[in-house]
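First chain A sits with chain B, and in the next complex the same chain sits with chain C.
Right, the complex of A and B next:
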C-alpha cells in the first residue's frame, strides 16, 4: 500500500516537472554539469594544471576554445575540472547540513520546551551573521582548503535546515496519524523517525536544492576572495580572481568560469523552483 | 506598540551577547596559540610574550571576553598592523559600505517594485514570464561575475565608467548595480507575489464590482496592501547587502568594511577581523529589528501576537 502510494506520487511529481519548462531546463543544466564533473578526465582536452608558456594569454582558438591563462593553461579544461570541485564540495556540504540540520530541527520541533529553546536560540545567533561573512569567519579560523570550505558552508546551512525542519515537524505533529501512533503506544523516537520525518521531507528537499545554488555561489565567492580552494587546483572563483589581474589584456578570461558558476546556480534555482511548484501545486501563484 | 518594541529590544540582548561571544571566541577557535599566530611566523619569544600580555591572553576566558569588549569600546583594542584603535580603523570603511549599500538598495527597490507591479498587473502574459525569468536570472548571477562583465563592457570596451576606486558619482554606478542586481530580482518576485495575493481578495473584487477604475484599484488599494511584506523584504535585503558587499567591494576596489576584513585576514590582523565581523552582524540584527518594528507599524495585526 505504502509503496504504491509513494511511487505514484513520485511519478506525479516527475510529470509535473516535465510539464514545467523552466524546471525541465534547470534539470538538464544540472544533469549536464554532473556529467561534466564525472567525465572530466575523458572530455577535457588538456590537463587543467599543465603549463605551456609558449601559448600564454592566448584568446580563444581552435586548439584552446576558451583561450589560455597567464601560465598557458587551457581554460576549457580548467572550467571542466572546476565542475568537480564546485559540485563535489557543495554536494558534501549540503548533504551534511541536511542530515544534521534536519535532525536537530526535528528534535527541537518534536520535543519542544527547553530543548527547543536551546537549539533554536543558538541557531538564531548563527543566523545573525550574513552567510558569506560567517563563511569568511570560519575560513579565517580554520584556513582555506576544501574540507574547511565545506565546513564553512555547513555552519551557515545547518541553522537554515533546522528552521525549515522544525517548522514542518511542528505542523506534521498535529496530524491525526501521529495521535493514532501515540495512542497505540509507539515510542517518541519511533514516532519521530517513522511517521513525522518521512512526511516532512518535501520542504527539506526543496530547501536542499536551493541551498546547492547558494553553496556553489559561496564556493566561487570564497575562491574569488582568495579564501577558497587554493591554486593551482582549478576552481571557478579563484580562476576569476586571476582573470581580474589580467582583465586589461585578456578580458575573455573573465567570461567562461563565471558563466559556469552562473549556469549551475541557475540550474539549481530553476530546478528547485519547479520542484517547489510540483510538490505544492496549490501554491504555484504565490 | 511601545510594548511590542520593548519586547523586541529585550529579545535583542541575548543575540547581541551571543554575537559578541562568537566574535570573541574566533581567536581562540584557531588551532594553535593565539599569541603566536598574531605575532607572526618569525616572532621572537619576547614579542609573543608582549602580545600575550597586551591582549590579556594569559587570563581566563571570561575575563578575556570582558577585556575584549572593554577594549573595543574605549579604543584600547588596537589593530596589530597600524596600532590604531580598531573602531577608528573600521569606522570610515563601514561608512563606505553603508554608502554603497544605500545607493544599491534605492536602485533595486525602484527596479524591483516596477518590474514586480508590471508582472502582477499583466499576470500570465509574456511580460510576466519575462520578469519572472529575469528575476531567477538575477538571483543566480554571481555578483563578482556580474561585476567583471560590467567592467569589461562599460569600462574596457565603452570606456564610459571607471573600473575601480572611489570618487565621484561615476565610481558608484557599476558597484551599486552589481550589488543590487540580485536584490532587485528578489524584490520583484516578492512584489509580484504579494500583489497577486491581494488582487485575489474580496475587497478588490468589491472595488471592481463598484466600477472603480482599474488604475485606482491597482495603485491605491492593491499596492497599498501589497507593499507591507515588500517593505520587509527590502529591509532584510539591505541587511544582507552590508555583509554581502564584500564581493562587490573586491571586484571594484571599493574601500569598504568587507574587503577590509578579508585583507585583515591575510594580514593576520585578528582584532580587526573580529570587530569588523561583529559590527556587521550587529548592524544586520539591528536592521532586522527595525524591519520588524516597521512591519508592526504598518500592519497593526502583528502587534497583537
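Right, the complex of A and C next:
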C-alpha cells in the first residue's frame, strides 16, 4: 500500500488540510464545538435546567439570545450544554468501537482462515441491520440513558471499524518488512502490534472522524424519539422534539438545536474528508 | 558442507480459470545444491523461475513441500517456528526492495534494536547502543542516522540499513534476494562492494539470488542457473563463464551487455515467453525455447549430470550415448 511507505508527519497533514478550504472550515467548526463543550460552564449565561416561568416561550432577546422554551429555560445555555452531551457520548462510543473494532478486524486480517471467517461473518450480521434500527433495538433492551446510548452506537460502529481495519491489515501484511520481521524471529503478536497496526492507523482515523458525525446524528435521532438522553438533561434531539410540540406558538425554538446538529455533523464530515485527502494525497492530485 | 539443499520442492495451490478449479503449480522442483563455509553460490534465472521461492524456503519464510534443507549439519526442513527460532540468529535474509523491507514507523535504532532484544544479545542499553553504532559504521552509516526514519534515506542507504539489520546478530549465512536490483547502477556497485567486504571480514556464507549475471559473477564462487523451477546447470563461476554448456545458460550469457560499442554482439533471436507453470512442459522445461531441441527433449526430462569435475548440466546434448 502506497500510503504506508512514508510516515506522514503531523505538520505535513496540517499543511495539506490548510490548503483545502472545506477541510479547514470543517476543522474550525469541530474545534469550535469541542471548545464549547469543554468550556460550557463558563460560557453559558444560565444553568441549562433552571426554570423561569416569567419568561416562558420568549423569542430571541438580549437576555436570552436564542429565546426560552416552555419552562423558561435559556435555549442558548441548553445548546451549549448539549454540545457536551453529544460530543461526549459520541467520543466515548467511537473510541470504544475504534479499539474493539480495530483489534478484532486486525486479528481477522492477520491470522486469516477460520478465525477471519468467524469474526467477519458475525459482523456481517450486524451490518445487515440499518444502524438506527439496531440502536433502537439495543436501547429497547437496555433502556435509555447515556451509557446505553454509547453502547448502542458502539455496537453498530464496531463492525465498520473491523472492516476497515481488516482490509488495511491484509494489504499492510504483504509488505516485505513483515517478512523481514519474521526473519529476525519476531513473534506473531509482536509483528501485529509493532509492524502492522502502526502502519494501518490512517484509514482508521479517517473512519473515526466520519463516524463521529454519524454518532452525533444518532444521538439526536434517539433523543428526538424519546429513546435518548432523558429530560431535563439538555440534549439537542430531545430539545428538538420539545420544540416540535410548540412549533405553532414558538417556531424559532427548534432552529438553534437543529442548527447545532447540522453544523457539527457537517464539520466532522468536511474534516474527515479533508483528512482523507491529506493522508492519501495521491488520490486527490490528479 | 555448510548449507545443503536436497531435492527441495515447492508446490503452490492456485485457483485456475473462471470456474475457480483448484490446480497445483510447481514453483521449485527437486533443487539440490551445497554451499561451503565462507563461499557464495549465485542463483540466477529470469523472473518467475523459482529462485526467490528457493531463498525464502531456506530461511523458512515459506514451508517447503518436499526435500531437505540442512544447515550446519542440522535438518531444519520440518522444524516448527519455535524450534527454528535459535537458528534465525544465524540465518538471515536481505530483500530486494529496501523501500518495502523497512518498517516506515520505526526509527533505524528501533529497527536494529529488535533482533538484539529478541535474541537477548546485549544485556545493557549502553552495550546495545554501542553495538548498533558499530554495526551502522560497518555498513557505512553515521551514528546520527540512528534516530531517523526510513523515508529520510535514499535507496542505497536503506539497503545499507537492511544489511545492518541482517548482520547485527552475527549470522553465518545470509540469503541475498536480488539486493541490488531495485537500486541505481552507481549505488549497485557500492552495495556490491559492501557485501563482498562484509563477507570477507565476517566470513559469511552467501546465497546470492539475482537475474543480473554481471553482478553474480562479481561475488560468486559457484553459479547455479535456474529455469522454470529446475536447476539446469551448476558449476564454479570461472568454469561456467568459460564453458557454458546448457543452451539456456548460453542464451543468458549472450544477453549480457558488453561495455564496448565497437564489439558486435549477437542479440538472441525472439525467444518467446516462459511456458506457463499451470501447464508445464512434459519433457525438458526448456524445450519450447531451445534452439538445439531434439525429439526426445519433448517427452523426456534430462537430469542434472556431472559432465566434468564440479560441472553439472541437465541436457541431453551432453549424454555419452
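In this section, the second predicted complex is superposed on the first by the 276 of 286 C-alpha atoms of A that agree within 3 Å, B and C clash if a C-alpha of one lies under 4 Å from a C-alpha of the other, contacts with A are read in each partner's own complex, and residues count from 1 in each chain.
Definition applied: a contact is a pair of C-beta atoms (placed from the backbone, for glycine too) under 8 Å apart; a residue touches a chain by one contact, two chains touch by 3 or more.
Worth saying up front: this structure is predicted, and the values here are computed from it rather than measured.
**Q** Could you figure out whether chain B or chain C reaches more residues of chain A?
**A** Ranking chain B and chain C by residues of chain A touched puts B first.
**Q** First (chain B), second (chain C), both or neither: which does A:273 touch?
**A** A:273 contacts chain B only, not chain C.
**Q** Given the touch rule stated above, what does A:128 touch, chain B (first), chain C (second), both, or neither?
**A** first
**Q** Quick one: classify A:177 as touching chain B (first), chain C (second), both or neither.
**A** The second partner, chain C, only.
**Q** For A:248, is the partner it touches chain B (first), chain C (second), both, or none of the two (neither)?
**A** After superposing on A, A:248 lies in contact with chain B but is clear of chain C.
**Q** Could you tell me if A:71 is touching chain B, chain C, both of them or neither one (first, second, both, neither)?
**A** neither
**Q** A:25 contacts which: chain B (first), chain C (second), both, neither?
**A** A:25 contacts neither chain B nor chain C.
**Q** Considering each complex separately, which residues of chain A are in contact with chain B in the first and with chain C in the second?
**A** On chain A, no residue contacts both chain B in one structure and chain C in the other.
**Q** So in the complex, which bits of chain A are touching chain B?
**A** Residue positions touching the partner: 22, 121-122, 124-126, 128-133, 136-137, 139-142, 213, 217, 220-221, 224-227, 237, 240, 243-244, 247-248, 251, 254-255, 258-259, 261-262, 265-266, 269-270, 273, 285-286.
**Q** Which residues, counting only chain C, touch chain A once they are in their complex?
**A** 56, 59, 61, 85, 88-89, 92-93, 95-97, 99-106, 114-115, 118-119, 149-151, 162, 165, 169
**Q** Please name which positions on chain A make contact with chain C in the complex.
**A** 4-7, 175-177, 179-186, 194-195, 198-199
**Q** Mind listing the chain B positions that touch chain A in their complex?
**A** 14-15, 18-19, 22-23, 26, 29-31, 133, 136-137, 139-145, 148-149, 151-152, 156, 163, 193, 196-197, 239-240, 242-244, 246-247, 250-251, 258, 261-262, 265-266, 270, 273, 277, 280-281, 284-285
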